[in-house]
Amino acid sequence: MLFHVRMDVRIPHDVPAETAARLKAEEKARFQELQRSGKWRHIWRVVGEYANYSIFDVDSNAELHDLLLSLPLFPYMQIQVQALCRHPSSLHDDDR
Amino acid sequence: MLFHVRMDVRIPHDVPAETAARLKAEEKARFQELQRSGKWRHIWRVVGEYANYSIFDVDSNAELHDLLLSLPLFPYMQIQVQALCRHPSSLHDDDR
Amino acid sequence: MLFHVRMDVRIPHDVPAETAARLKAEEKARFQELQRSGKWRHIWRVVGEYANYSIFDVDSNAELHDLLLSLPLFPYMQIQVQALCRHPSSLHDDDR
Amino acid sequence: MLFHVRMDVRIPHDVPAETAARLKAEEKARFQELQRSGKWRHIWRVVGEYANYSIFDVDSNAELHDLLLSLPLFPYMQIQVQALCRHPSSLHDDDR
Amino acid sequence: MLFHVRMDVRIPHDVPAETAARLKAEEKARFQELQRSGKWRHIWRVVGEYANYSIFDVDSNAELHDLLLSLPLFPYMQIQVQALCRHPSSLHDDDR
Amino acid sequence: MLFHVRMDVRIPHDVPAETAARLKAEEKARFQELQRSGKWRHIWRVVGEYANYSIFDVDSNAELHDLLLSLPLFPYMQIQVQALCRHPSSLHDDDR
Amino acid sequence: MLFHVRMDVRIPHDVPAETAARLKAEEKARFQELQRSGKWRHIWRVVGEYANYSIFDVDSNAELHDLLLSLPLFPYMQIQVQALCRHPSSLHDDDR
Amino acid sequence: MLFHVRMDVRIPHDVPAETAARLKAEEKARFQELQRSGKWRHIWRVVGEYANYSIFDVDSNAELHDLLLSLPLFPYMQIQVQALCRHPSSLHDDDR
Amino acid sequence: MLFHVRMDVRIPHDVPAETAARLKAEEKARFQELQRSGKWRHIWRVVGEYANYSIFDVDSNAELHDLLLSLPLFPYMQIQVQALCRHPSSLHDDDR
Amino acid sequence: MLFHVRMDVRIPHDVPAETAARLKAEEKARFQELQRSGKWRHIWRVVGEYANYSIFDVDSNAELHDLLLSLPLFPYMQIQVQALCRHPSSLHDDDR
């Protein structure tokens, strides 16, 4: 089941630089783990912004919520989730 | 080069039903043509709305504009385009 | 799997009164069918507006989309869907 | 009498972690007390956000205001309240 | 129990003038009936707009919804309702 | 001459608790003084928010501005003012 | 007593051209009458828009409302009114 | 003196196709006349929208307003104007 | 050449009181200098807000930008500028 | 390939003055380097705001993202990017 997610990262400027760097490193590691598992199916950077559009492929709403909550940068992100479904005209099997 | 596109279809209720049906059939044909060519890389329906999120893979801004203008439903769509780029942490080659 | 849905009904004033009355009757019948099936779990009117908040309990995003599309008033509704999940502090089993 | 409430929690990042943890524990206790009393009838997490949709069942506007003000996280929440009423087509007795 | 209501009237310009005049006359009669009953406690015009702020004093959410639905101009009004309660500092008994 | 005023109070969380308590006490005293004078004609709490709707009865725009500026919480309030006038259909003499 | 007013004119395209021309001529005549009386103190066109910013000098809210309602284009205008007062630092007597 | 202008064209779907075609042809002719004169310094299409960003180089606000009003599609355009000035760091003489 | 300017002053609460007082005194002096020169033609307070509407009369966009940048409170103001022009119906010579 | 970019600079008031001054000097140097290379084709100040409209001429979305990320003030800017294309009516070769 697919979901469209936009994440905007807003780290306050008074968070110490080392804390921010550590969080970003942990975020990258967690992201790649989820990407390898197939749960975080796509990610693209929005040009000019500290933001991404992502497509998640999960078994339930609850699984998606738990994945997003597990992100180290979650406290500093504004997240918008929209449920997706297969487009009836699509010829591609995997845009399910 | 990838672009994120959201399309909201708003066909006024006084467009004759046959006209709307014909436009939708033409839209589907044109969409599948572009999907086969690889230009319209992904499409997903937004649950509960007459709208989609799409990812286009084109050679230039101008090519994307021409593709969108060629859609039979273009006069009845509100379209938002955002330029994308590869996420530096991504392990997938094709989220280019 | 639960979803929060807000529906705002906007029937243009030049839709003939009989058409509107027929659509509303069909909507009521379809609504009660879905309510009986347990898919349309809750519905409440928003005081002072021609709108409702509803909770749907479905097996997938696609099932929700198909249910909403099957509503006779769908072409005249603005619909917003948000995925829900169980609150970790809840003592109630059925707020799943 | 039912009310639809959306709560968005925004704890500033410079609130000490212990303070935040204590407030959340107190919030959970107060929430469960209100849930047991039947006043806080439903609660659902919004997927991907630190937010919930809730349904309150109270005797008056004033009772609802007092309940919301009594929440330990009230100073850090943005709250929107909308009065609800029974939908005339509903077959369920308790969507009153 | 008090509610704050803002009503914006938007009669489409292609509604026949006689229809609009009749609706306005019916609206005035219904309004004065509700004002006399004490349910429609206050009304003020917003300067420069075809809109009003009103205070309703009703026994329940459902009663308010029924009153608003009974207004002849309801189909042409955009209505926003907010639940009110007595301010703790107020010295006036009737700002209840 | 009547004015509709909405006040949203936003005291930053790093204002010391004693300062906030003192400001609120001063605000209450000033409010009751203005209420007794008849200038601050109505006040209602917005359910679930740290906000009020008020009706002021003043002789001029300038008098209203001076009253609002004299409120101890003014620096922490977001205030919206709208000029009102008597509704032509009103049967009440004092909704002037 | 001064008020800041923004007026946006939106004449629907299916209003007959003669009707629109007549309304505009009547608007101009009424405007100049109010300008001569000193009530409509200033008017400026917003560059690129069918809109103006105006300053009215009236004795009361009610007088302003009556003046705006008397404008022949009132049914086709979106109007926003804000109460003004003299700036304490101003050296000009007539920015009262 | 430079101005940034965004124009969104919204031709209602019930304007006859010939009228729309004639207006677009007239718009193109007028546009090219202004482009040749140097007044309409730049124009770019916004990808995916019936809209453009333009830079005008005029002697006064009034001249810009007159130019925009002279456009055949003016009645069907939503126009936003922002005054520009030379950036102090710019090395280019003609970004004046 | 006239411009409509709205200024909203937002001094963060942790700016020391003396700094704020000094900035306000400098702002007043600079304002009166510009008012005397005829460049800052009108200023009015927005009732209930720390904001003003102003009319500037300058020779160019650049002159306006330099004037606004020279204001001591500029770093704490949100400023919106709109180009104005004489209204064709105006009988007043100085609403140029 | 051209892009329209709006940049709003928001340096928090508690960033030390020397840090801000250094960042601005570095920004100016980097800007001029990009301007000389032809990548940052146009820049204009928005009158009255700490903001600019710019036109970039780059080979790809990714190149634009890298350029914007390389700006020393990037962490303090809000950036909006819109893809542009040549207007079909344009007579100028370089509005490509």
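To keep things simple, chains are lettered A, B, C, D, E, F, G, H, I and J as they appear, and every chain counts its residues starting from 1.
Convention: contacts are C-beta pairs under 8 Å (C-beta built on N, C-alpha and C of every residue); 3 or more make two chains touch, one makes a residue touch a chain.
These figures come from a predicted structure and were not determined experimentally.
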Touching both chain C and chain J (chains): A, B
Inter-centroid spacing, chain C versus chain B (mean Cα positions, whole Å): 27
Centroid spacing, where centroids are CA-atom means, of chain F and chain H in whole angstrom: 45
Per-residue multi-chain contacts in chain E, two or more chains: 2-3, 14, 45, 47-48, 61, 64-65, 81-86
Pairwise touch network: line, ring, star, complete, or other: other
In contact (per the touch rule at the top): chain pairs: A-B, A-C, A-D, A-J, B-C, B-H, B-J, C-D, C-E, D-E, D-F, E-F, E-G, F-G, F-I, G-H, G-I, H-I, H-J, I-J
Contact footprint of chain H on chain B as seen in their complex: 3, 5, 12, 14-15, 61, 64-65, 68, 75-76, 79-81
For the chain E and chain G complex, residues of the former touching the latter: 13-14, 45, 47-49
Contacting residues of chain A [partner chain B, same complex]: 2, 4, 28, 31-32, 35-36, 42-48, 52-53, 55, 82-92, 95
Footprint of chain F on chain G - complex, ascending: 1-3, 60-62, 64-65, 81-86
